[in-house]
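In the two complexes below, chain A is the common chain; its partner is chain B in one and chain C in the other.
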Partner chain A sequence: MSIHIPILIIISPLLAAFLVLLSRKYKIILATASIITSIVFVSTLSSRILSGDKVIYHLGGWRGPLGISLVVDGLSFFFSLIVLGLGLLVIIYSIPERRYGRTYYFLLLVSLSSMIGVIYTTDIFNMYIFYELLSLAVYLLIAYPKTGVTLRASFNYLIMGGVGLSFFLLGVGFLYAMTGTLDMFHIAGRLSAAFDSSMQMVIMSFALIATGMGIKIAVFPLHGWLPDAHSMAPSPVSALLSGITVKIGIYCLIRVIYTVFSAEIFLLINSHNILMVLGVVSLLFGASMALVQKDLKRLLAYSTINQLGIVLIGLGIGTELGLTGALFHVLNHAIMKSALFFCAGIMITETGTREVKGLSGFGRQQPAITFAFIVASLGMIGIPPINGFASKWLICLAAVEAGYTFLVVIILTASAIAAAYYFRVIQVLFGGSLKQGPMPAHEGEQVINRGNLFRSWPIYILAAGCLLLGLLPTLGISLVKPAVSLLLFHVVP
Partner chain B sequence: MGSSKIIKTIAQKLFPFIVLFGFYLISHGHLSPGGGFQGGVVLGTAIILLALSHSIEQTEKKFRSRWLNMLEKLGILTLIFLGFLGILLGYSFLSNFLPLGKPGQIASGGLMLLFNIAIGIKVAAGVSVIFYALVRYRGEI
Partner chain C sequence: MTPINISLLVFMIGLYGVMSKNNLIKKIMGLTIMNGGIVLFFISIGYREAGLAPILEKGTIDGTTTIVVDPLPQALMLTAIVIGISVTALALALIVKIYSKYKTLDIQQLSKER
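This part shows the complex of A and B:
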């Protein structure tokens, strides 16, 4: 049974998704149990992966270049841990909301299972299929409340995401035309020969794939869908989108750049400079747009563009330190941003308003939640004992080492702007007394009592994670280490 | 509804042949053009034809959307179960465990036939459920 673990991790949420549709009562138990099963399966692999081994599974017994294989190596293990851990917390956070019926849990489980599919598969077309499945589930999750604004945000994302994935598919088509296989490891082997004969096509396919993924991870000129989609979605879905879904785009970019196009071609066509420029632009743009937002969740959404800029800068630097910083920042941002969106969800239901101004006095009423919010936002700014500092520090060190001193100045400027907008929110939280907004009619006394337990624990866990990774950054770095050595040296440490 | 007697009669007479053709496409998917999805869509259109020519209420009495919903989920669950059978019998996920017959015969594709049937059921039910939902949107799918 143990050799089948990679497929079982994908199938367990998928099976539960369809069972959820059939059962009326046990939807939450089924959803939680399936994700926990997957986490258990992943953790049985952990010792092998962290010691630098990798697990390969051939679906149906067909090996590449014809068949589809699943691979769990340092990189995919790291990302699947983020997806499963945060996915479990998202499900727990949505338990008290009675409005979320079977369809909601179905879509959540389908999106989680297809995310793990994207992460584990080695077949680049299969990656496209899983990504499209994930996107379809996410479009529906954004539109789940069925109000006008969410439908518009979802439709906007549907168009942009569809265009982005079409670019990706076109790039995959070019790769297939050149190499005659879809298995990423085999493409990598055959691509250097193709690069000598038809360089234009290699560059074209890289440009198409990078553009497609650029839309999905919302780098500056392609970010149009993100603020609407991330801020209008229900709060647990916002956490899912900002914390996990965007990271899948980053995973695809890293996987395609380093596995398919191998680092040499990547450097040869100067694409690391492009990544760095895009990172700087979206860093500054996200920070300055977040500064002027009045809506709390919109502010957090623009802050996502800001933080993803830092990740792109780390990837663009491309040294060992830079990649470590970038991947560590992916983990940190996932934890911090989900904590912030969970807190924002509670703040919005308690105060009945989405405006930052309307939150005044919330800090006195709910000190614990506010403390978690402050911890996570200090991490976003990058203040020492919290985890965001560690990864930003690594990226700054890498920038200095590689001779890009101006990047440090830009990152520090953006951090200062981030401090400006997060401190504005924190200041309002401790401002005058709370004006009790109109409670939504469907939430009775009992629901809120039951809700606080399930809603606050995920936040406490995430805030504790922020502090833990900030005080002991070596924990996070040891998770990232196998991935980085795999990317740079194709060997195990 | 306002369909004439000619349309109603012809739709009724055509119905079994469309269903037969759908089943043919599903069962010969591994031998000739066609397959689970295509055959499933043909089966779905048979139900849609009935709904269009007769009234949708009458069609829903014969093909209830509750059952179709259930069938759709059963289709996908069968597919996953067949995949699991591969693991349970000692091969890998989705691998073939049935004996391979002589090429060209209907039982020559191993598991492919069963996969096609499961997908065909799912698609047929799915297409008709989507049609019901589009025609009479009730807010709960």
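This part shows the complex of A and C:
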């Protein structure tokens, strides 16, 4: 039993997904139970992973380049923990809304299980298949309310995502042409020989894969789909998209850079500078676009582009400190942004408007939710006792250490702009009395139990997580440490 | 023109279609053409001049080497075709819904609607 744990983590939500379709009554219990089962399975591995070991599972007993293997090491453990933890909270948050039927939970579970599939698999073509499965489920989740705007947002995402994954697959084709294998660890072994003979093919495949993932991460020139998709989707789905799904693209990018292409080739073809430039551009672009948004969820969506820019800068610096900061910021952003989208969901259903200025007075009516919103947005800005500060600080330190002092100036400028747009929202929250406007068309016909525990508890948990990671950053860094030492030194700490 | 160059050309034609066409159906056609380019690319990687199907029959191993085509890309492309079909099906379903809401498939007009 214990050797089969990696595959059981993927199968448990997938099995529950199809059972959910069959049962009308127990759909929520099944969904929650399957995710909790997966979390229990992951936590049985935690002591081995955190001590620097890794768990490899060969599917069907076929080893090496022939079969598909699942690997749980520092990096994949870290990302699967984010996916499962936030996935559970997303499911709990969706419970009170009755309009979410069986297909909603089916799609949610399929997307979560394929995310873990992307994270664990070592076969690069299998990664593509899981990613495409994840994307299909996510397109449908965005279009779930079946209103005009959501259908359009979903279609735009489908086109962009389809093009991105086609680029990724073409890059995989180039890799296979050079090395004759699809297992990432075996490709890495054979690629350095291929690099000497056919350098252009290696650069081509890296460029194709990086472009494909760039569309999925929504770096600046390829971000077109993100604001619509993230803001028009139902609020729990927005939290899922912004908190987790985008992070899967970052995981693939890190995995491909460090495991397949190895850090040496990465530095040799100068792509760390490209990542850094893209990071800076999307940082400034996201921040300045968020500043002018009137729609609350659209503001949060542009803020995602802003924060992912910081992660890319950390990856581009590429030193130990920079990577630690980048991965820690991935965790922090996942927590903060899901908290903000959960809060935005409650604000929109309570006030009946998506406009920022329609929120005035919400702060007096629901102080607890507002407090959580303020905690998370202070973290986004990067104000000391909250977790966002710790990771931004690490990235700034890394930038100074590596001699890129101008990056610190840019990050601080973007933080100042972030402060401007988040403080604008907070100011409105404590403004005049609450006006009950009409429900917007696409949020209509939902039945909400006001003050429901299931909706507010995930927010409190996430806000507590923000404070905890901010006060004790070593807690988060100890989670990131095995991943960083795996990436940079290929050894256990 | 090697088969690989042609396949990349087909890929680029598909990309042009996705990027420049205003009609939603034509965008999906572009996506399908891109997919076709990728299939052609993988198949031409695995192609060997005068290669046979990679089937090992009893008694054929007699010391002489025979050239066989690489079966792995073909197996991969069966999967990729199936995935491409599901993406196309989902996209067309979305298009049907969009058309019944807006009565147009032109992306310029759709972006004006609120």
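One rule holds in what follows: the second predicted complex is superposed on the first by the 479 of 493 C-alpha atoms of A that agree within 3 Å, B and C clash if a C-alpha of one lies under 4 Å from a C-alpha of the other, contacts with A are read in each partner's own complex, and residues count from 1 in each chain.
The rule is short, and it goes like this: a contact is a pair of C-beta atoms (placed from the backbone, for glycine too) under 8 Å apart; a residue touches a chain by one contact, two chains touch by 3 or more.
As the structure is a prediction and not an experimental result, all values here were calculated from the model.
Student: Return fit or clash for chain B versus chain C, each positioned on chain A through the superposition.
Tutor: When both complexes are placed onto chain A, chain B and chain C end up side by side without any clash.
Student: Figure out whether A:Leu151 sits in contact with chain B (first) or chain C (second), or with both, or with neither.
Tutor: The second partner, chain C, only.
Student: Angle at the Cα centre of chain A spanned by the Cα centres of chain C and chain B: state it in steps of 10 degrees.
Tutor: 40
Student: Output check: A:Leu59 vs chain B and chain C. Expected answer is one of first, second, both, neither. What do you get?
Tutor: The first partner, chain B, only.
Student: For A:Leu15, is the partner it touches chain B (first), chain C (second), both, or none of the two (neither)?
Tutor: In the superposed model, A:Leu15 contacts chain B only, not chain C.
Student: With both complexes overlaid on chain A, does A:Leu268 touch chain B (first), chain C (second), both or neither?
Tutor: Neither: A:Leu268 stays clear of chain B and chain C.
Student: Where does A:Leu50 make contact in the superposed view: on chain B (first), on chain C (second), on both, or on neither?
Tutor: neither
Student: With the two structures laid over each other on chain A, which partner does A:Thr103 touch: chain B (first), chain C (second), both, or neither?
Tutor: First partner only, chain B.
Student: Which partner reaches more residues of chain A, chain B or chain C?
Tutor: C
Student: On the A-aligned overlay, A:His4 touches which partner chain: chain B = first, chain C = second, or both, or neither?
Tutor: first
Student: Between chain B and chain C, what minimal C-alpha to C-alpha distance in angstrom results from the superposition?
Tutor: Superposition on chain A places chain B and chain C at a least C-alpha distance of 8 Å.
Student: Help me check something: in the complex, which residues belonging to chain A touch chain B?
Tutor: Those residues of chain A that touch chain B are 1, 3-4, 7, 11, 14-15, 18-19, 21-22, 57-61, 103.
Student: Once bound in the complex, which stretches of chain A touch chain C?
Tutor: Residue list for chain A touching chain C: 125, 129, 132, 136, 139-140, 143, 146-149, 151-152, 154-155, 158-159, 162-163, 166, 169-170, 173, 176-177, 182.
Student: Could you pull out which chain B residues touch chain A in their complex?
Tutor: 70, 73, 76-77, 80, 83-84, 86-87, 91-96, 141
Student: What residues on chain C touch chain A, complex-wise?
Tutor: Residue list for chain C touching chain A: 11, 14-15, 18, 24, 27, 31, 34-35, 38, 41-42, 45, 72-73, 76, 79-80, 83, 86-87, 90-91, 94-95, 97-98, 101-102, 110, 113-114.
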